[in-house]
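Think of it as A, B, C and D in the order they're written, each chain with its own count starting at 1.
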Amino acid sequence: MGRYILKRLLVAIPMVLGMTLLTFILMQITPGNFLDTIRMDPQVSEETIGHYQKMYQLDKPMFQQYIHWVYNLFHLEFGYSFYFNIPVAKVIAGRLFNTFVLSLASFLFTWMIAIPLGIWAALHRNRWIDRCIQFFSFICLSLPSFLLALVFLFLASQTNFLPLGGMHGPDFENMNFFVRSMDFLKHLIIPTLALSIGSIAALQKIMRGNMLDVLSQQYILAARAKGLPEDRVIYWHALRNAINPLVTLLGYEFSGLLSGAALIEIICSWPGLGSLMLTAVRSKDIYLVMANMLMGGVLFIIGNLLADVLLAKLDPRIRYDKKH
Amino acid sequence: MTRNTEHVSEFQLALRSFKKNRLAVCCAMILFIFYAGAIFADFLSPYSYRNEDRNYSYCPPTPVRFFDEGKWVGPYIYGQTLTFNEFYRRVYQTDTTRRFPVRLFVQGDEYKLLGLIPSRLHLVGVQEGARLYLIGADSRGRDLWSRILYGAQISLSIGLIGVLISFSIGLIVGGVAGFYGGWIDNVLMRLCEMVMMVPGFYLLLALRAAVPDDFNSVQIYFAIVVILSFIGWAGLARIIRGMCLSLREREYVLAAKSLGLSDFKIILRHILPHTVSYSIAAVMLSIPGYILGESALSLIGLGIQDPYASWGNLLSDNMSIVRIKFAPWILWPGVFIFLTVISFNIIGDTLRDCLDPMMKAERK
Amino acid sequence: MQDAILKINHLTVAVQEFNKETLLVNDLNLEIPRNRITALVGSSGSGKTTTGLAILRLLPQALYMKKGAIVWEGQDLMNLSENQMRLMRGKKIGMVFQEPLNAFNPVFTIGFQIGEVLKQHTTLSGPKINDEIVRLLTTVGVDDPPRILNSYPYQLSGGLRQRAMIAQAIAASPSLIIADEPTSNLDVTLQAHIMELFRKLRDELKMTILLISHDLGMVVHLAEQVAILANGRMVESGETKSIWQHPRHPFTQQLKQKMVI
Amino acid sequence: MNPKRIPNQPLLKILQIPNSFWGSLFCKNIIGFFILFLSWAAFLPLSTAENTHPFRYGGKLVLTTTSDPKSFNEIIAKEVSTSEITAYLFEGLTRVNAVDLKVEPHLARSWKISPDGLTWIFHLRRDVKWFDGFQFNADDVVFTFNELIYNLNIPTSSRDIFTINGQTPKVEKIDDFTVKFTLQSKFAPFLWVMSQPILPKHKLEKTVTERKFNFTWGIDTDPREIIGTGPYKLAKYVPGQQIILERNPLYWRKSVDGDQLPYINKIIYLIVQSADVELLKFLEGSIDYYVLRGMDFSLLKPLEKNDDFTIYDMGPSSSSNFITFNLNPGINPKTNKPFVDPIKLSWFSKLEFRQAVAHVIDKQKIIEIVKNKLGYPQSSAMTEGAGFFNNTNVVQYDYDLTKAKELLQKAGFIDRNQDGILEDSQGHDIEFNLYTNADNTERVDIAAIIRHDLEKLGMKINFQPLEFNILVSKLNSTFEWEAIVLGLTGGVEPHFGRNVWASTGQLHLWYPKQTTPATSWEKRLDEIFDLGVQELDENKRKVFYDEFQAIVAEKLPLIYTVLSAKLSAVRNKFENLNPTNFGGVFHNLEEIYIKKEYR
């Protein structure tokens, strides 16, 4: 197993670099660059723009800039953000926690509701409760999340029960820890709901499908023939097998933990990496975009690797050491 | 493409069980109506998508009346003039002095039906002097109903073409990787992973920004379709590859090889048909992704540009609470997006259940 | 007739499809004598597996018992509550499936799955359970029980898996074993071994066996009594030798020819 | 020019507390706080000795901004999101009075100008302290100019402002509280630009010598490190969420009646990216100030009474919207094809063509449709907000299609083949591309209305909103465009528009960076901008700049459309508010205090 993991990581390095090169080329060949907004300011002269150009090394040829960036990469130097003029790592660090918490909250919320719902729907197949869960999940699946966010905010404003976006109340620093965390949780509700509703519907459907598949297998009939109680048959034999395909999904979800959802973050003014990345891509803040893509890529590799290892643990039939 | 007869009958079986599901059938009806509306958009819509009249900005839906003091007079409307109340809010006064009959098969804005037949015939219309807004007008007094019909042409076709592109790439890459295995499989799969690695939304942004600026709107439309499909194919390729790997060992594939058929023919004729059942369901379930993708792009101003209309840019133009409060009819495009997406989802899901037995046969 | 461990009276099982009802088992009457091997023979779709499942009341959702009774030691199983019936399964009636690879849960070891039966139906616990499993595996002719105990189903050969399946079936020492085509997936030599194993179960462990098969020739040496099924109806039943010498029903003759070629 | 609604605060009005106020959550906290405040005030001796109105102190102001500040380094970062915050932290030698637009003393007590108008002597205040208690003196001023602004490896646009035909003024320290500035040529707006904020030498000298200044005072700095002299200092910055400013207890300024300024304790900027959420927050009461978009007025105006806020109309904003045609005859070096098709160039260069277009712009209808009737027509280059330099009697072009057709006929544009599209004298159909930036929805609507009227005139327009980056690269590098609807932020000092109006300016949009002025009137504009800046007498300068606005209105290089109205809604919790067009609502923030019952 160790050899397999090492091989996967070695293969990953050129892939991640390839991806960052792809992004770098895309950012460079597109017209316009970071200094456009400054060019439109009447009071800025040509040579000042030249100075900015030199400061951001935008005057050097494209490949030299990329090589320079990769060279710094090995010194764990991710370059400076044009907009913030501070190391990119610091900019991302400031918002890493916010996106992590939001993604984690929506991940837990989704899985803790979708899995039991899926199992329950599978067990009551084609009864009216199953039909109504299915129909309701179709509706949630088809509602765009940014529309949901706007509707929730509008409702919150009418009922002023929930805060309107943001992460904390106005003067949160003089609250004690308990009040502050309660306030934070209250702020977390709307973005998490907007992010999770669609994925709950999707995950519930997958879980239900898997569960139905497994329940029709012979070994379930055999387990019942052995006289095992129904709960043991369902939650040991059936669930143990139905969960396996979801593990690969887990890997994919893990990689999404830090990419954040740009539209929801903007609408709920949640200071996450998603909205930061959107403005960075639009204003061509190249090294901030590259750092984000790099982090997204690394997490994707780790996420999938963890999922494969976990899957091997869960399902003995999958062995990685022998050739596929 | 020759396909063994036993396969066809299974399709009929699947069709029969599909018909049994009333909900799926009514979704199919909805989609059929939408697509028909899109094809005949020019004819069905009272005005062309560019026809604007600034005296009617945010004009509410015009009430169509049939009776005048109890007498049946046939469908007619009154003229409306724009005024502002003391809070500078748009208020439309109807002057009941003159009646404008609403007639069918009227001569209106010039268009080319299906892009070929030039004509000026519109299903419904009102002559000069008054404007017929079935579901209201947008900020520049353009008829929202006509623009939704034209928008359907773009939004509904984006899904189909996008799926066509991403599935053909996905099938070929998946088929080749699954069939040949070895280093080809490795390279192609790493390529897939690389595309899947980049968070979709930012890839969308970066690619959209790479579109040259002198593109006219139709070229931009195709660029958006290609971009959206560029994101979609990787996931499918991986699944098709998995299926092909197991199909490759089947006896009839080995037999076909022994008969000396070219690899490409084998993939195309013997392996891919077996993935058809999975692909149909997957196609249906991924079309909504394209429609929602286009509206997300429009929300940040990178979608279809004015003056052309797509459901995405119709919705995102007025995405503000104040607009919705004073002109709620601008949410209609959202309703159409929702209906289309939910119909595709339901049909896709039902198809997957109907084709399930066949897929199980494939998988064994 | 020695006293019968199980009497099946007028068993009728139907399925509802596209608002049309089809009968899978039509008015089946059968008595299974104690400490004997009874064979239920018929082509595929003749309802023999459905009968087996009906005995254990494990019919799939779409199927339902139209009428009939299954009397076990004087009591109709149909009247038992679900819990009472559950106690019967495994403890009183064990089942052996056709394809052991599918009948074993792929993610658990053989030892774990057999251990489950013991934990459920006996008072054994801890290391004693392991010893019992080893004993069971040796009785069914497995030569290296500890390895088998810790390995997963996919790691075993067809024959070994079938033996483990039988070990699991007899774990709680049930009185009746229903074996649904236990050998049809094995090659000829393994079939003989498994048949030999069933003979041992009958003679040494005094068990009653209901053998479901489509291969008349294979059961003729083993079963004392045989019943022939054709699309849900019982066409012939009685002592194996009399049925074998002069089969009355054309269907039985057909089965016999098939065996001869 | 003062706004329509200066709030008169009779005592009675304060007591008229609207009923919805009692029910709201907000009010419950206030009553609790009020009782606490009474008990607190009874026992505690007054904090500072000579304050005559102790009850004015305290309370907080909650505002919003759309994006994070770029950094707190005022020299490097000039964006609005940054300057909004640094305006509280740092101060300049002079300040512009937002009411009468006159320059008044600030950190400099007084100044003297030499007869030849080249040497300025500034006498600094002696009672100004930096946040960390250090004494503010001439060394800081000399350091800010010689080490920061004139330092070539620090890219800053401040250097451009102080570069007067190629040279920068010499800055010398006379004594601890006197500084001499020697200019090479007369520069009228010098006092205006001396509002340049001064930074602390003792704090930043080391970063300049270690060449780290470009990356200091970024958003990752500890707030206590940011040292200025302004009324508020930085208390806390939470990335993506909020910026909190605290009252500077050492601030030097006193109010007219002797109070130590400022009154308000804390300013909180919430970072809200979506305008809708900002509106909801204002309606909910969690923010005190909201800048209205055109459509918001009809929603907020009816709520003004019971939601306890007032909408101030501060006249036209200074950001213009205009249509301009590409008059650049140059050849693209890369493709050696002309930037603009010569035939089209000939149309655009004809004055009658541009005048006809001016007659087609229906300013009243645009204000009604796009600005929801809250806008002002614009005809002269300096907007009404510029006050003194605004020249109202320039050529006006009223909306008149027939006049436009006559002008075009005179210039040879006639629809000869009756296909509904005009042709020029050589018979080419009049057809051109019209661009604008897609992300500004109001400007897209304005461009669409203009296009619609131009098509009524008989011109075929390919209208194409573009991504902002693409538009800018067309204007600045490729020059490949034909007609554009765009906007530039105006100002009060005409000289700051030099980059747009001088023929050599890179923002001379229609034909930038000319070596020699292409037309006589552009030559005249160059002279005006060279002379105007030398003329120290305000009234004489006005003569120059009136002529400049007259030329622009007559020759129409930029055809102006409309300006939006500056409207803001403010919670009724402040006293001493004095909103003006130039300064907005909170330009005199130090003198504003919060009514007792709102604290």
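Quick note on the criterion: a contact is a pair of C-beta atoms (placed from the backbone, for glycine too) under 8 Å apart; a residue touches a chain by one contact, two chains touch by 3 or more.
Just so you know, these numbers come straight off a predicted model, no measurement behind them.
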Legend entry - Interface with more contacting C-beta pairs, comparing A-D to A-C: A-D
Legend entry - Between chain D and chain A, distance of the C-alpha-averaged centres to the nearest whole Å: 39
Inset, instruction - Please report how many Å separate the Cα centroid of chain C from that of chain D, as a whole number. - result: 90
Legend entry - chain B-chain C separation of Cα centroids, rounded to whole Å: 56
Legend entry - Separation of mean Cα positions, chain C and chain A [Å, integer]: 52
Legend entry - chain B: positions in contact with at least two other chains: 209, 213, 321
Legend entry - Residues of chain D whose C-beta touches two or more other chains: 276, 280, 467, 469-470, 473
Legend entry - Two or more partner chains touched - positions in chain A: 30-31, 150, 154
Legend entry - Pairs of chains found to touch, sorted by chain label: A-B, A-C, A-D, B-D
Legend entry - Parts of chain C lying in touch with chain A, wherever the complex brings them together: 53, 56, 58, 86-91, 94-95, 97, 99, 102-108, 116-117, 120-121, 152, 154, 168, 172
Inset, instruction - Flag every residue of chain A that touches chain C in the complex, lowest number first. - result: 217-219, 221-229, 232, 237, 240-241, 244, 314-317
Inset, instruction - Can you check the complex and tell me which residues of chain A touch chain B? - result: 11, 15-16, 18-19, 22-23, 26-27, 29-31, 134-135, 138-139, 141-144, 146-147, 150, 154, 205, 255-256, 259, 262-263, 274, 277-278, 281-282, 289, 292-293, 296-297, 300-301, 304, 324
Inset, instruction - Show which residues of chain B lie in contact with chain D when the two form their complex. - result: 52, 54, 57, 82, 84, 87-90, 139-140, 209, 213, 216-217, 301-302, 305-307, 317, 320-323, 325-326
Legend entry - Residues on chain D engaged by chain A in the complex (per definition of touch): 25, 60, 62, 67-68, 70-71, 73, 76-79, 152-157, 159-161, 163, 214-215, 218-220, 236, 238-242, 268, 270-274, 276-277, 280-281, 283-284, 286, 467-470, 472-473, 476, 488-489, 496-500, 506-507
